[in-house]
Every structure is written in C-alpha cells, then in structure tokens.
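In the part that follows, the structures are each spelled out as structure tokens.
Here subunit A shows up in two complexes: once beside subunit B, once beside subunit C.
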Partner chain A sequence: MSEDGKKKASYNVPIGPIHPALKEPCLFNFKMNGEVVEEADFAPGQAHRAIEWMGMRRNPVQIVHLTDRICGICGVSHTLTFARCVEQIAEIEVPERGHYVRTIIAEYERIQSHLLWAGVAAHELGFDTLFHLCWRIREESMDVIEYLTGNRVNYAIIQVGGVRRDFTEDQFPRIEKSLKYYEDLVGKMLKLFLEDKTISLRSKDCGVLSYDDALQLCCVGPTTRASGVNMDVRQDAPYAAYGDIDVTAVLPDVYGGGINGDVYDRIVVRLFEVVQSVGIIRQCLDQMPVGEVLWEKKYPKILAACKKAVGEASASVEAPRGECFHYVRMNGKPEPEAWKVKASTYSNQLAWLKMVTGEQLADLPIIVASIDPCMSCTDRVAVVRNGKRDVLTKEELHRLSVEKTRRLMQ
Partner chain B sequence: MKLSKAFSRSLWAFHFNSGSCNGCDIEVVATLTPRYDPERFGVKLVGSPKHADVLVVTGPVTHKMAPRLKRVYEQMADPKVVMVVGSCGSSGGVFYDSYNLDGPVDEVIPVDVYVPGCPPRPEGVIYGVVQAIAKLERLESEQ
Partner chain C sequence: MTKNVISPQQVADTLTQKFGDGISKLTIKEWAEGSKKTKTYSIWVYLDRSLLKDAIRHIASLDFPHLSVISGVDCGDHIDLLYQMSIFFGMKNSEIKLALVVPVPKDDLTIPTISDIIPGAAYGEREKQEMLGVEVVNIPDGRRLFLPADFPEGVYPWRKDESGITPDMVKELYKVGRPTDRPVPVVKPKEKKKPVKKETPAKEKTPAGENVVPEPVAEEKPEVKNDE
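== the complex of A and B ==
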C-alpha cells in the first residue's frame, strides 16, 4: 500500500535463496498486491555441485556412489536410472532377482519419501502433531531399509549390473512386519489427513494446477497425477520388475472427490501411493525368483565391460517426485563422455508459477511444498515496502500460515 | 563436562544447508522427531541465527553459499559453536574434486565439532551435540 493508504501499489517479496533443507535452493520473487500474489518468478541453481562434471571424470562403478548423493531422499532412483543407461550401452543383463531387489528398495524409498513429505506438509499447515506422527511412522521404513541395505540414507545397494546385496529368507518376516504395520496405519492416516476439517479448508482449491497446464508444463509424478494426467513411468514404460507387477497410476479420484488439481489432491495421490507401494512390495516378495542378483561378482570385470562400451542410452525411472531421466554416452573409456541428469523437481518447478498466482502470502509455504521440492523453499523472506526492507524469516512466514489456519477455524 | 549445568538452559541450533545432497538434512530432522526426541533436553532448531548457540552446517559449501554462510556465522552471538554434520562438509567427501566448491566448511568459517558419516546416523548427530555442549561450557567458563 502506498503512503496515503488509498491507492494500492504492488510490492516485491523475494524468498530465498538460503534454505536449510533444499536440494535445489532457489530464489523466488513474488510481486504482491496486498496479500495476493500477482506474479511469480524464481532462480534455481544455488546448490550446484558439478555432479555431472565430476561424473565425467570417474568410472561407472564409482559414479553409482555419486548418483546416490544427487539427492539424499531419492538417491536410489538416480542410481537406478544411471545404472540402466550404462547397462544398455555395455549390454549388461541384470539377473531377474536383481530386478526384484531393485524394485523393493525403490518402493521403500517411495514410502519413506512420501511420509517425509506428508510430515512437511502438515508442518507447513501448522499441524505439528501430525508432522511428528508422520516422521515417527517413517522410521519403520528407515529401519527396514537399514536392515536390508546397511544404511539409513544413501543405501549404496545398486551397482551397474544388479544390486550389491541380496535379501535372505530370514529377512522376509521383518519386511512382512513392516508391510503389516503400514496396512494397519493406512485408515488412521487417511482419516487424519483427508477428513480433517482444517486440512481440507487450507488445501482445497488452493494452488490449483489445471489438467492443460500440467500437460503443457510437462509436469511429472504426483504433481501431474493430482491434476488428472494419467502418467506413471512404472505403468507406461515398465523397468526393473514392474513389468511383472500390476501398477496403475494413482489419480485423485480414488478418494471419491473428483479431480481438482489442488493441494488436497496432491495429498490424496501421495497417501494412496504409499498404499500402492505396500502392495507392490508384497507382490515382489511373492513372485521373487531365486538366483544371482549381480551380473558379475567381480567389480573389475564390470568395469572392464564398461570400458569397452561404446554408444549412448537414456533411461527414466519413476522417482517419488516423478520421472527422473538420465542420458549417458560412453566412448570406449572408463569415464562417460557425456552424462545428463534431469531430476523430477526440474520439471515440476515451473508449475509453481501457475499455482501461486492469485494466492495469498500465507498459502505460499504449503503450495511451494506441495510439489515436494525435496522441502519447502521458504527459509527467509525480505519484504520490500516503500523502499524499506524488513526480513521475514521462515518462522514468520510459517506463523502467518498458522494464523490463517486459526482464522479459518473460528 | 558438568551435565547439570549444561541442561540449566536449552541449546538452540540453527541449521544451514550449504548445498548438501539433503541426506544429512533429513537425518538432522529425523534426529529431532519423536524417536530420538532431543527436545526433552531443550535441543531444538530455531529459525534465526541470532537466537542460536550452535550452527549446524551440512553440505560442501558451494560458491554461491559461501558468503551467506559467513554472514550467518557473523550474525550469531558469542559464545557460539559450529558443528559440521556429514563427510562432505568435513572434507569434501564425494564432491572433493568439484569446481564449484569453496569448502569444506572449515575453510570458510571456524569449526568446533565434526560429525563424520555420509550421512551420520541420528545417534552420531546427538553425540556431536553433546560435544558441542561441552565446548560451549568451556567457552563460557573462559569468558
């Protein structure tokens, strides 16, 4: 508002780029009119670590440990995509059982990632009890992942040609126990998230992305499915063991409410994907063939095969946040000649611009978080008003969001 | 270390991501949630460096983040302790040969506690916090 208080002038709200917990920290700039966002823009690229550049100086057997660390939440997806590229070029065949182990780990990753997101979403709405509950039940999947792979994060289980560790029969009861645990909890989680009046009020018709916009912006994963686009790499171009398993894309109408493309629908899709993942793991356990899990036990032999390989390949995998795409070119050297990574958030980021336009400042935390950009991107905000600049921290923005929830409840 | 004295006031931490892979950040948050629940002892994350006793840094410090890390460090009141969580912040880790790093963290700001691991387990992070408390006590007794 201008000095005389009569004419409304728009002002800018930059958010970021420091954000304590983001894979791709970015700088947002919102043009505000009062409480409402008129225009939005952003600049990603603050956490550039030159991973592709480093990868082109290492060999594929080393790179799989680098790809784990592209993202600490969905590392398996990146490693799996990269390994699939190299396997195609070097004509390495992954044993059947290796595919099943890959699938099971990828699905556990989805479970922990979606629960993590659900917790963050609850936190952004000011529902901290639910945040802590989500992270508490997420620990169950972390325990199983650690039990199976030896690590809680960055599992280092996928290798070019298969996986580095097999599951043994005596591990199955523990897996089964965790599946049962999640099945028993599903009803409770759906009730807490989807029947809660406050969550509905804050998330319905908020941050809408239409079907056409989702298609035009090439959004991927739960973000695009929530807008009704029937797309899931596991269903459209099956990889690993997904060909043997029945997976269909989860659309928000599974919960009866129709497809609106709002934040609520994104919650619906992710919660039901956790249910779906439990089903997929169960199918995998039932159908798992016996045999080897790695193409060749001796790593120098894998390396030798990679060194000889000439050609190029691309692969995509359905990561928890959507399609993750890699392109690799090998040229008879240990190091790849070219390597390109396109993570899912890259495709989804542009949807922010559509989602936030016309929304209120207090809704930004949940909208920005709703595409699951690894974490919300709102650590620090500077409000420029009449040339004066005061800084809104993430906490203050969060407080605004909580206050809005309170207002709605009155 | 005199435990009772340290717990006479709560330890607040500010978390700074300097371009990490998120693995450590998630483990820091996992440390704060009900299974480990360090909030019993008053340990919690705060949203402003000005309120914090401990700066928890993750990530290998990219060029763009280095000046910001310095600024955040300077904003903290004394006595303060810097704790690096993760191998890449301690030594560069898997990113050691990247062209875009100003790190590891101790080349940008002074570091008191290193928690190694890629990422460290929540138990490791908690052990680091205990070391940070001990260091704070020493700093305070010197003042």
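== the complex of A and C ==
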C-alpha cells in the first residue's frame, strides 16, 4: 500500500468538542496519515459565556467579581489585571501592603495551578499514582488559599484599589507551615517527574515548539519559556510587589538539559516555577510592610472614583499559564466603554498546530495538555451548541495514550 | 542574547521621526507599583491606517514584538483597532508596552493583515472580523473563531450600532423559568419552617421566666410543653 503513495488516503479524525485532554470543550480536526498527524485544525468557542459583553453593562466594582468567574483556576490573575487597568485610569494608588497580599495570593495560585497541571500531565501519560500524589499535594495550597481568602475558588479577594481582606498575625504560622511542606517535597517531586523513565520516554522530543515559532506565534508563559523565549511579566514589567523582589524567568536549562522546547521542558519549567513561587512568598513575607490594604474602605467611594474616570489603560499579569492581558476604556460612565480580556491560552493555542504536526495520535493528549489549556478563559461569548458530531471521546484517547506508554515499557 | 534596549522616549522619537504627520497623538504613560515604586512605561500611538504595516515593521526592526492582543472599540462613526504589543522583554524591568491605535471609518471597514510580519496575529484578526465586522485584507484564514456556525451573519457582538447584539438575542436566564416538558421536581416546598415560627412567639410568651432562668433552659421549656 505504501508503494503507490498517491493512493494512500489520509483521513480525518475529529476530536471534541468534548476535550481530548482536559475537562473543557474544544473541537479538533486532525488530518491523519496512518498514525501520524499531517495537518491539524481546531475550533475554540465551545464554552462561550459573553463575559466581555456582560462586563460592558456593569460597573468596575461589579466587574471585579465577574472577572473572578472567567476562570476557576486563575481567578486572581484576571481580577488583578482588571483592577490594575481601572486603577491606572482612575489614578488610584494601592497601599503597599495591598500589593504584597496580592502577590502572595497570586503565587499560591501559581503553585496550585502548576500542581494541578502536573497531575493532569501524569494522568494523560497513564501514570495515575503520580496524578493522585500531585493533587494530594495541591490540596495544601488550596487549603492555605481558603484559609487566607475564605474561598477555595473565586477568591473575591481583589478590589479596585487593593484587597478586601488583610492577613492577620495569627495566619502567618499557617503560611510558614505550607511553605515548609512544599520545600520538603520539592526534591521528591523533581525526582518523580524528571528522573522517571516512563515520563522521559513519552515527553522528550514530543510536541516540539521551536524558539522562532514560540516568538512569532506570540506564545506566553511556561509554553514559550520552555522554548527558550525569555519572557515573564513578573520580570519584564514588574507589577504589585514583584518590583521589590528578585524574580527571573525560569528557562528549562535550570535543570541542565538544555532547551529543546518539548513537553519534557514544559514539565521542567512548571515544576521549577513552583519552587520559585515558594521563594517569592518567602521574600514577600520578609519584606511585608504594615498598613492599610485598600485605598478606600467605603465601596461607594471607589465606585464614585471609577465613574468619574476618563481614559484608557492596559495591564498584564503573569498568570500561571502566561500573560493575562486586559484593556479597559472608560468615558465618565459607570460601565466601561470597552473591555477586552486576553487570557493566556488565547496566545498559546496557535502553537498546538506546530506542536502536533508529525506526532502520533496517542501523543495528542499530552501535547494538547502541555500548554495547560484553559478554554473557559479563552472563550467568552454567547453560544448555542448544535447537532451531533462524530467524536472520539476523551476516554478512548486516554486509552490510546495509556496503551502507548505500556508498549514503550515492554 | 542581548537586546539593544532604548528608552521609551527614544522609541517614541523614532516613531515620530519616521511617521511624522501620520501620528495624530502620541502619549507615554508611566505607572509604578510596589514599595520601590518600580516604573513601567506604555506608549500609545494614534496612527493612520495606511501606516500600520510600516509601523509594525519598524517596531520589529527595534525588537521583534510580542503581540498581546488586538482590541477593538466601536466609537460611533469609526472603530478603533488597538494593536497592543510589548518590546524589550527578557530583562528585569526593561519591557515597554506599545499600543498602536488605528481608527477605521465605518464606511470603509478594511484593514491590511499584519500576519505576514507577526504570524500569531492571525488569531486576533479572525476574532476582529467576526466580532466587529472589520474586513482584514489578505487574512490567511478568514473563518470564524469563537462564534458558533449557526450565529446569524451580519451581527457583530462588539458593535454598539444596529449591527450589534439586539435585545431579542439576549437570554435573561432568570426569566426563563423551568422547562415545561420535564417532570416537576420531587422536592416538597418548604413549609416546615412555618410551625417553627409559630413556636417562637410561644417562647416569647414566657418572658417572666427569662429573668430567672438562662436562655438555653428557656428554649427547652416549650418542647417539654409540646410533649405533654
């Protein structure tokens, strides 16, 4: 059959809109030649909720809590970015301690998000023991976030002009305990992920994204850093307390293996960022100033300041998945004239097409998961789902992936 | 990999030098956060549409930009497209944010594609086509991005004029109510609380005891009465 190459038919494998790797919907279409992906295409927009449209009919103090709901995992990133936009337009100065509280919560969010991802990655490779271990460890950061903000998700901690709750003196021992917990576990986690033969076999030279592609496709976050692009908003344009702290972008060569831009490098970057986050929280706790955390305690006054504001501003924040960017234009009315949300996955999705071309079907779950996609962040407009589609379910794909791991281990 | 970093003022100068009259407004904004008040800069350039590609090429010659997003605002008679990017990233506090604001008149809603210079821009351009109705000339992939296939043609969600979302397209979820073709939920309406409320005045009826007996005991009393 392979002799008469012209007749060898390539065929299409649609995957989705139920997501092949995560719990979120996205429709993929792969043009396959045997086991190898020749061409890929995808259609996002299966989880649209019209959040920007809703935002343009609400005032900033309301929108802050709406932004919490853009994404369940990077809640604080979107609220922080939006609040920073409005603060720039209305020239509201956040108290110093407010910046530190923001930074600490943002870093805990990074820890829990990266560990959640590490668990998902392990699961996609069929390494479920590690998946359970990761999620068990992740609980510690979730507990601390709940202890500090009152909520596990949708923290509702950020307000325009600062944060809504301060840390009390008796909360610091709990933070310290969690930092110690992670510091003790770091060595074990690095060993389990990076020295494991199964993970290396499946993730090295798999889903490669070159430096040039990462730069030209405007990728962000761990995805682009794994390809060697030195870009981290915390370092490049420091916000909140990051200007006071020593932060440098984590590139995969921290582990000594060079920069290859494959799935393995994305694991390296994320794991070392967890280590880095623990360090950042330590630095914040050491330098934390005393004082107020909110520009104005009376919310009607915050709202009045926002209503008067005229102008436009953009802000970006390094969310766990990369740059989260908001643009707001206000024109003296309570509701903004324009509000654009750019979530990190928005920038990273195009990279999928480069990553999956030439790869095997069984590798797709881990490659798709390797950018840590968050569809709810990216899709934000109204939606009707229509008709039936022929789909490969997540379970089938997952089974393929597990079978490949087994084959490799034999 | 060292970059030739120049100050925001110098970037602005090179832009005004090169494009002169094509720039209708240029502002450099400064913002500082944290205890050390670390300053970050953003340059906002209001630019003529015909100069967009040249401007992007010029910026790319300084440093290949990271295009964050293309935003768009419906301003009535024209649409502002904002090409928001950053340059000089990769070092501590060296990044400069750049926003190229390009007004596009509504009677001629076209804009050249920049995806030949920045391939990643194609994604944002597809979004602008479907959300604002701006035609991106020579776009490599003109399909819809986020909107579903059955979304009506000629409706652009970000527009504020008659081609935007009309009120009849908006579903007010709180008004929808329960679907009529499904069985009624088995949960009984909450009526149990009412008799409890009737008991509470009974508690109040024994105020004489309150002075002598502490409250918890006072609560127990009506229960005993009920048992009897």
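Going forward, the second predicted complex is superposed on the first by the 379 of 410 C-alpha atoms of A that agree within 3 Å, B and C clash if a C-alpha of one lies under 4 Å from a C-alpha of the other, contacts with A are read in each partner's own complex, and residues count from 1 in each chain.
Here is the rule we use: a residue touches a chain if its C-beta (ideal position, glycine included) is under 8 Å from a C-beta of that chain, and two chains touch if they have at least 3 such contacts.
No experiment lies behind these values; they were computed from the predicted model shown.
S.K.: A:His48 contacts which: subunit B (first), subunit C (second), both, neither?
M.R.: In the superposition, A:His48 touches subunit B and subunit C alike.
S.K.: Report for A:Leu116: first if it touches subunit B alone, second if subunit C alone, otherwise both or neither.
M.R.: Only subunit B; A:Leu116 stays clear of subunit C.
S.K.: Specify the partner with more touching residues on subunit A, choosing between subunit B and subunit C.
M.R.: C
S.K.: Does the superposition put A:Val153 against subunit B (first), subunit C (second), both, or neither?
M.R.: Only subunit B is touched by A:Val153; subunit C is not.
S.K.: Where does A:Lys188 make contact in the superposed view: on subunit B (first), on subunit C (second), on both, or on neither?
M.R.: Neither partner.
S.K.: Quick check on the superposed pair: does A:Ala313 touch subunit B, subunit C, both, or neither? Answer first, second, both or neither.
M.R.: A:Ala313 sits against subunit C, while subunit B stays out of touch.
S.K.: Should A:His132 be classified as contacting the first partner (subunit B), the second (subunit C), both, or neither?
M.R.: After superposing on A, A:His132 lies in contact with subunit B but is clear of subunit C.
S.K.: Is A:Cys218 in contact with subunit B, with subunit C, with both, or with neither (first, second, both, neither)?
M.R.: Touch partner of A:Cys218: subunit C, not subunit B.
S.K.: Going by the contact rule set out at the top, does A:Met142 touch subunit B (first), subunit C (second), both, or neither?
M.R.: Only subunit B; A:Met142 stays clear of subunit C.
S.K.: Is A:Arg69 touching the first partner subunit B, the second partner subunit C, both, or neither of them?
M.R.: Only subunit B; A:Arg69 stays clear of subunit C.
S.K.: From the superposed pair, tell me which subunit A residues show up as contacts to subunit B and also as contacts to subunit C.
M.R.: Comparing the two interfaces on subunit A, one with subunit B and one with subunit C, the shared residues are 45, 48, 50, 53, 379.
S.K.: Which subunit A residues qualify as touching subunit B in the complex?
M.R.: 17-23, 25, 45-51, 53-54, 57, 65-66, 69-73, 75, 116, 119, 132-133, 135-136, 138-139, 142, 152-154, 374-375, 379, 393-396, 398
S.K.: Would you tell me which residues of subunit B are touching subunit A in their complex?
M.R.: Checking each residue of subunit B against subunit A gives 15-17, 19-27, 29-30, 33-35, 46-48, 59-60, 62, 64-65, 68, 72, 88, 93-95, 97-101, 118-119, 121.
S.K.: Within their complex, state which residues of subunit A touch subunit C.
M.R.: These residues of subunit A touch subunit C: 43-45, 48, 50, 52-53, 84, 88, 94, 96, 99, 215-220, 229-231, 233, 235-244, 248-249, 287, 289, 312-314, 316, 323, 325, 327, 329, 337-338, 340, 342, 346-347, 349-350, 379-386.
S.K.: Within the complex, which stretch of subunit C touches subunit A?
M.R.: 1, 29, 31-38, 40, 42, 44, 64, 66-69, 71-73, 82, 84, 86, 88-95, 97, 99, 118-123, 131, 144-151, 157-158, 165, 169
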